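Let me begin by presenting the structure, written as structure tokens, before commenting on it.
In this document, chain identifiers A, B, C and D correspond to the written order of the chains, with residue numbering beginning at 1 in each.
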Amino acid sequence: MFRIVEGPIDVGALVTGAFRPDCGAVATFVGTTRVDSSSGASVEYLEYEAYRPMADRKLEEIGAEIEERWEVKHVSIVHRLGRVEAGEPSVVIAVASPRRGPAFEASRYAIERIKETVPIWKREVWSDGYVWVGSQTGTRSPA
Amino acid sequence: MFRIVEGPIDVGALVTGAFRPDCGAVATFVGTTRVDSSSGASVEYLEYEAYRPMADRKLEEIGAEIEERWEVKHVSIVHRLGRVEAGEPSVVIAVASPRRGPAFEASRYAIERIKETVPIWKREVWSDGYVWVGSQTGTRSPA
Amino acid sequence: MDGVKVLLFGAAADQAGTRQTELPVDNEATIGDLWSALADQHPGLTPMRDILAFAVNGEYARAEDKVSPGDEVAVLPPVSGG
Amino acid sequence: MDGVKVLLFGAAADQAGTRQTELPVDNEATIGDLWSALADQHPGLTPMRDILAFAVNGEYARAEDKVSPGDEVAVLPPVSGG
């Protein structure tokens, strides 16, 4: 299941939805908003945008790559858009496999590929302006 | 939080309980009962027992080893005892770290160490007898 | 339509001052040609050239790839999902 | 008490036919000595010797480690949690 959503992600349902009697291992990864701070300012929240439906299709492609490379029985990836508060999940990956090695490897692969190929962008909104992560431009004056 | 329990594990609460504003990554691992089958018989459930409180202390030691080796801010390990049905979780690990590399490595380390050092044993209860995993003895006639 | 729709995202939308525009293309035009016209129209984009990627109709494309009237072209800063 | 409490787990409890027993020990006794007495009492355990580990008072111990009256000794088949 590959989905881009605008509201909070039900992490528990995504993880338990990966349990299967033919699998012994479920590895999951959750990306959460981390509050950075420097010289008196700090990150207040993150804001995500996507180029859709290309981003949806790229998530599905990552799922297909994983199923080609590893023995997995279930892959879910959900990415959130819009404003995400500190400590909240922006992306959740859940992979089930008969054995734990493939589950760990595939979940790691999923997040690395998301960061390489899926057209989604985040800006850090600080108390004194914002910064587009990756482009390093925005309204915040350089440190 | 390191705990050995006799009933179902609330996986969602364990995962979301690892979210923190100073962390960007939560990696989790869930071990679930896999239904194996061979020559007409199949696994019906797993049954776990532990040597307590040694097993509790060994889980805590794994947590301490992880905090020594990686920059992690949260480690939870919960292991279930007793009868665990097909597809149900027997162990849940959740690790939060500022960055994803340590989160993945630490969660993998946790399950490998559990399988090496924590005095917990499982038997596979098949339709035609049981087998102690690791000892390869039980009431089931050898294949 | 004898032009292409151009969508801009993230820092590129900021620098251009718009999230969408249209540009005329002829039949032999490439992404590179389109970029030149886009940068003329929105000079704030010029310094981003080296970090930008492009997509045509939802798939990554290179500077030498052709674009045709009716295509949707997206201007993509380095992705930063996750 | 002038003996030790011996706890058996998993396949070892099966093979011994019990989960707990008591054995007398003298002051110079080792885990190895205790094992000999245990295997005499429960010969079903003998074939498991090479795969068994031991703990004294909740910590892993080797065959040459000492045991004293009042200790709790555990007989541990290969662990298989997870």
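Quick note on the criterion: contacts are C-beta pairs under 8 Å (C-beta built on N, C-alpha and C of every residue); 3 or more make two chains touch, one makes a residue touch a chain.
Everything quoted here is computed from the prediction, not taken from an experiment.
Undergrad: Over the chains that touch one another, what is the least number of steps taking chain B to chain C?
TA: When the steps are counted carefully, the minimum from chain B to chain C is 2.
Undergrad: Measuring centre to centre with CA averages, how many angstrom lie between chain A and chain D?
TA: Once rounded, the distance between the two centres reads 50 Å.
Undergrad: If you average the CA atoms of chain A and of chain B, how far apart do the two points sit, in angstrom?
TA: 25
Undergrad: Measure off the straight-line distance from the CA centroid of chain C to the CA centroid of chain D, and report it in whole Å.
TA: 74
Undergrad: Please output the residue numbers of chain D that touch at least 2 other chains, ranges allowed.
TA: none
Undergrad: Could you list the positions in chain A whose residues touch two or more of the other chains?
TA: 31, 111 - these are the residues of chain A that touch more than one other chain.
Undergrad: State which pairs of chains touch, listing all of them.
TA: A-B, A-C, B-D
Undergrad: Chain A touches which residues of chain B in the complex?
TA: 11-13, 15-16, 18-35, 86-89, 96, 98, 100, 103-104, 107-108, 111
Undergrad: Residues of chain D touching chain B in their complex?
TA: Listed in rising order, the residues are 7, 9-12, 14-15, 48, 51, 55, 58-59, 74, 76-82.
Undergrad: Please output the residues of chain B touching chain D within their complex, sorted ascending.
TA: 31, 48-51, 53-55, 57, 79, 90-91, 111, 114-123, 132-135, 137-138
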